[in-house]
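Given below, in the form of structure tokens, are the structures.
Note that chain A is present in both complexes that follow, paired respectively with chain B and with chain C.
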Partner chain A sequence: MGTFGGAYNTIAFDANKCDGCGDCMTACATAKVGVGDTARSRIQIVGSADDGFELALCRQCADPKCVTVCPAAALTKNSASGVIDWNGDKCVDCLLCTVGCAYAGIALDAGTGHVAKCDTCDGAPACVPACPHDALTYITTSRIYNEVGDWEDLFAPGLAGCQGCNTELLMRHTLRRTGPETVLATPPGCVPGMGSVGFNGTTGTKVPVFHPLLTNTAAMLAGVKRQYKRVGREVLALAIAGDGGASDVGFQSLSGAAERNEQILFMVVDNEGYMNTGMQRSSCTPYGAWTSTTPVGQGTGSGGMPSQGKTQDAKNLPLIMVNHRCEYVATASTAYMEDLYDKLDKAIAASKRGFAYLHVYSPCTTGWRFPTDQNMEVARKAVETNFVMLWEYNPADGLHFTRPVDDPLPVTEYLKAMGRFRHLSEDQISHIQGKVVENLAFVKQMAHVAKA
Partner chain B sequence: MTTATLETPIPTKPAKQKVMLVEGNEAAALGVALARPDMVAVYPITPQSSLVEHVAKLIADGKMDADIVDAEGEHSVLSVLQGGALAGARTYTATCGPGLAFMFEPYFRTSGMRLPIVMSIVTRDGITPQSVWGGHQDAMTVREVGWVQVYCETVQEVLDTTIMAFKIAEHHDVMLPVNVCLDGNYLSYGTSRVELPNQEDVDAFMGAKDVNWHVALDPLRPMAVDPLTGGSGGKGPSTFVRYRKGQCRGMQNSLRVIEEVHAEWAQRFGRSFAPLVEEYRLDGADYAIMTLGSMTGAAKDAIDEARDAGKKVGLIKIKTFSPFPVEALLKSLNKIQALGVVDRSVGFRWNCGPMYQETMGVLYRLGRHIPSMSFIGGLAGADITTGHFHRVIEATEKLLSSPAPIEPVWLNEKD
Partner chain C sequence: MEQTKYLVVGSSHAALEAVTAIRMHDPEGSLTLLTRDPHLPYSPTVLPYVVSGRSAPDGIFLRDEKFFATLGVQLKRGTALKALHVERNAAELADGSEIAYEKVLLATGASPAIPPIPGLDQVAYHVLRTLDDATKLNAAIKNSKRAVVMGAGLVGMHAAENLVKAGAKVTIVEMAKQLTDGYFDATAAGLIAKAFTDNGATILTGSRVVKLASSAIGALLTLENGTTLEADLLLVATGVKPNMEYLAGSQVEHDRGILVSDTMQTSVANVWSAGDCAQAKGFYTDAKIMNAILPDATEQGRIAGMAMAEDPGLKKYPGGVPLNTYHFFGRHAISVGSSKVPEGGEVVTRFDEASGRYLKAIFSADNRLTGIYGVNEFFDGGVMCQLILRRIDLSPVKGRFLAEPMKVGREIMSKTWR
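Here is the complex of A and B:
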């Protein structure tokens, strides 16, 4: 296992779907002891219809307390399956494990006089198909970590990102995926600000890395890639760039490289502004947002509009890239890492054929004004409200949603999570909600056209 | 690390060369092809366009093995080449005027990264006033950016210097980008007889290619290229200082290397060009005029005529403008008592030509005062004729007996 440790299959429980029927317990007892005595089931549903149901079941913890407290080494974590194995030959029946477990996942089986616990039926748990309401599922929450954990982390530890920033996570995961045969371009912005290219002769990266200009990332990277192609060496040319450089001053070189179908992977980390240099507006900044150059004030701004944040809608850079007919274009979010990983794989593959573009929404705790522990939540709310849509495009299959949100939350659920929208008037909120609906309709239409 | 040394012995007698009739832009393209770059990036602009068209055709016809990148603008042209050079490619492009201005951001950075990119500037006057015609204003505007800049006088010199430029740029004591400046209109479209070196002779002259030994983007030897430097004290700014000092040292080293490369070229190919400063009929002269680029042809004719008329006048031509060849120029200036400097561009700050301004700094080191004055001619494509140069000679001669005027003389003002 790598530095992440293992992540394994697990039995997931949706309390909203459970009616307490007990079919899972019957199935478990039948499978494990041969009789349908629910008292002997290793899965226990507790609670009531009024108060809701809860699950008493072994979580197969990564840091299991039962194993720690066992004086006889009868419980061990199986690193292959992830299951905590109980060894009856060693067990001294002290029951300390039943006290140690916080989930009531291991208990005395009166029928045998020993403790009993879930062993996932060797990967085919009997309880899961027995549930008539699909309240139980046997899933992998994070298989990606198993393989990624074995790959080298190509960023130095201790990079200087803001507290609570997802971009460091994104950088580490992306480079793990692309591997050491990568040349990395990190134009001025948060990524080099974190130390990717280092300071005064140091480096934050174990692959060759450079500062392009803010304006020429795609062009410089194309030159690198072309020369390796010419001499027959397989090298991945990767940019991790900010939205400002990509959508504003560096857009010409980005568009030119995409039009020439240069074989590079261009990832934009979209935190909707020039956050590294003091939170100024970019063309990816959304309507109404406070930035240090679209401040909130008492007076009227340009054109007689009140100074209440940005007065224009965001440029939709990923859709513009679709119109370059790139080999691959996708949007992603740091709150949906499996979706992001799937797209990263496709983008890497596409970059061997031509231009691949990945647009990752990455909330900025500092610039968007929200608590540092809320980053994933903000990112998630952006998707759940359809403020951000997750889709992918390739020329053969067109555009399609990868995580469609059919029943979105009102956009206020997203806006209220951040200080940068604190000042919004009802009119401004209704403008933003209208734009969310309009953008959704627009992308849906593109998806529809692509299918036809 | 390898050193750029001669890999094959120099033949005692230059090989016979093919004779062709070409315009300067085609001569530059032929020189580029002979130097075998890996990567060429192009964006058209008058009067450079036919140069990159010739390069594109050479590649399309299989006469040149290079990756050609039709970039969407000059800014990306140079940026693509920076990436290529960092991956080990020998690289080339050409531009001028507004294209050079648009390219300025990566242009400044090329010398800082010590990338030996060769770029022709098919010189064009600065806009505005709007003009697509020749003049040195574009190249002069960027003379203080750490590129080596050499100016050619003839089409043959364009061809030969274009090849030499790669060897100068890639010399390990230099490692700087080089501009080969050829006058828009007069050299770009001027058609002349040239002798075309043989490929195998040029290969022997060039030696082994080793472009990114000092700085590279290569997974086999990962490094951070251009990390942040600076700060209020300590290692940050001192790192920056060492970079800058190295650049300046590379510039000074290039003066020696330019001379060595020109000497070797003369031995191998039988054509000799003054590498830094050329003296023409300077011995026995009381005063001299100073020129740059293609205007020198007409100037030499005027000198010949003036000498025939008994005037003791000679000519000093600058070939290497950046770095400014101070020591070489001092030797020439030591021979004369008065100087007239003809520029094809203006220096807005000093109300004189830029070459005159640079030369004033050299005159200060002379240790004695010699009167001098500035002439500005050939702007926006204007021809500087022998007639103009006779005016220059007469005005310079007067400096021997009368006070020097402060105002420059604008040669084409009343044409």
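Here is the complex of A and C:
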């Protein structure tokens, strides 16, 4: 369990997807009492087609009322699973718990004469897979919190990242996961800039770290990895590079290492520009975005022309990497930690066989101009609008979406979350929306081709 | 003299909730819990099941020593508060020693009220409030052939059922015109009474015991109308009185119970009280009432603990709502809210004789639920309580609500306070 106490898995319900079919109730009653009588299900779908469907289900409260009112010590919060356990040997059928709970989470099962409540089927809830519309999901993100809390943070405390920096969050998580047997390469950018490579002869990282040039990161790291192999030591060769260092000047060495299938894990932290040196545009900067080299205003453009942000579309680096047929290529976002950790695990495994590439979208509070507490919201909106798509690729299975967004929000929901798009004209917005649609179609096509 | 930041007196529901609430906000401040009971914390509510043998006496404890050690709480069992000296912030204990406190919570609950009937002090009788009472009664029912239970409240009814099941011939004597008065109406009480008489018990409502004397087998009771009853086991369950003798001569204001504000503070600033010994505002009236039920003890205990620890999340007490659940001979009865019909209000009942299902709902003139009662008709008491506390307008769904209170209650819950 993590340093700050446990986090728990939970059953989540999306009312918009529920059509009231009741399959979850049948599954629950069947699993728990052996008959499909929905009245005896511990998950209760209530409501109507006109009014929408909702849920009555034990919330496994952190501060459970049912436990406090039980006179028989029959209900307890299980600190390992988070579930409120009911002990039938102690229960005296007094029903006080049903009066204590304001959510109908524990109720009388007329079939047995005892109270009954959801116990999440010991971590494999029968209701979840039974839902034909994916309205129920079993959220297991807590695993990350509980496990990661015990892993060592391999960066020094007090790195000088901006307040609310997503990149710092990402690199700390990544190194926690890769562990101490890692050699880190980090070219000029925010990662070394905030102090991970050290000051005055001391290092900010608790594993060997080096600071290659923007241009030669992948080449240098590949050499370092080969030398470790030669001396018989198993290490993870990891690069954490910015989008500038990967997609622009660093691209030739990156492409070369991928083509040679070097056994390294190359992570790109894509904050869509050279943020560390003053927020210049990179080839990953999206169309329309303000940067210090794609300014906004009268007479700020070349030859004193009016300018409205970047006039070219972003390069899609991860798709280019797919075309190297790497062992593993994936896109990820810190707003979807479960997905990110899943991909980290796969990328680490793939890097033992050959080249693994992870492209993580990393909103930048300073360069993108949004409040420092909005990082996750911006990252989430990027995915919810399909501005950013989460997918993975390997040569055997091809490309597939890991978090498909069936019902994307209009891209304006993402654009308006930050200052760098504030100036956009209607035309520019429709250009961006058009690109989102086009990119989606393109990646879908690749997913389709891969399947065939 | 021993010193503590927080002193909590009592070790039952109100006290335990207060301890948890204090520790949520103040993990460090010294905290001492005293109880006159020699055992680990347990609930009086579970005792009927100790009497029947269903619950093992060592399986009912609500907390263990480790719980208190982990929270840094000093637990003193078998230590009674004798007097509270608020002028010098000191608690005087039964052995004469004193503990100095910064803040004190009085959560001393209640004890059986013993009616002043001539001769009662001359005979052996049982009461049921502590674990020791329950283990004694558990041993006694096995040998009882003719038992008398004085008082047909829930405590008396629970014990009477145990005696019936143990094979005794049981007579229940109740002063009021019906049993379980205050919680259930005449129809519900009739259903309960029938279950008892079907199982061989005798119920004498509207009867008063006027005299007792010892007899060859135990006690001889004389009723108001002259009849006599003999009992080898006598249980007195005629109600409870709050434990507050330690306030004799103190400045802490008390009436039927210890008077508290809506943050459970007494008339003395650093003294709080919660649970069965406290007299706090009612939900239906601003007058201060006794609402001696378990859920209210936990609620008040939590509020008191938060207030004592100065937790900014503190929410004021909304006022006591009567609630109860009652299990008898495999059937159940639930009551939530007031049985009083508000002016211009409406009472709706539904009774199915064949199944014994009974429902009664009371609404205010503007269609807010004020009380709901069911026998063999299950609904979520916690949801109903919220409908009452939140004064939710039920006009649009009233018909459906009466037909299916559980279903409609859940629908409203899922849309309103989920």
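Keep this in mind: the second predicted complex is superposed on the first by the 306 of 452 C-alpha atoms of A that agree within 3 Å, B and C clash if a C-alpha of one lies under 4 Å from a C-alpha of the other, contacts with A are read in each partner's own complex, and residues count from 1 in each chain.
The rule we apply is simple: a contact is a pair of C-beta atoms (placed from the backbone, for glycine too) under 8 Å apart; a residue touches a chain by one contact, two chains touch by 3 or more.
Since we're looking at a predicted model, the values are computed, not measured.
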Next item on the list: State whether A:R260 touches chain B only (first), chain C only (second), both chains, or neither.
Entry: first
Note to self: A:V46 in the overlay: touching chain B, chain C, both, or neither? Say first, second, both or neither.
What the structure shows: second
Check: Can A:Y103 be said to touch chain B (first), chain C (second), both, or neither?
Finding: second
Margin query: For the three-chain arrangement built by superposition, which of chain B and chain C touches the greater number of chain A residues?
Written below: B
Margin query: Under the stated touch criterion, which partner chain does A:P208 make contact with: chain B (first), chain C (second), both, or neither?
Written below: first
Margin query: On chain A, which stretch or stretches are contacted by chain B in one complex as well as by chain C in the other?
Written below: none
Check: Mind pulling up the chain C residues that touch chain A in the complex?
Finding: 13, 16-17, 43-46, 49, 54-55, 59-62, 294-295, 298, 302, 323-325, 327, 330, 332, 334, 336, 378, 380-383, 385-386, 406-407, 409-411, 413-415, 417-418
Item checked: Complex contact set, residues of chain B against chain A -> 38-39, 41, 67, 69-73, 75-77, 79-89, 91, 105-106, 109, 216-219, 221-229, 231, 235-236, 239
Next item on the list: In the complex, go through chain A and note every residue touching chain B.
Entry: 180-183, 192, 197-213, 215-216, 218-228, 230-231, 235, 252-253, 255-257, 259-260
Checklist line | chain C contact footprint on chain A (complex, rising order) | finding: 44, 46-47, 51, 54-56, 65, 68-69, 71-73, 89-90, 92-96, 98-104, 107-108, 110, 113
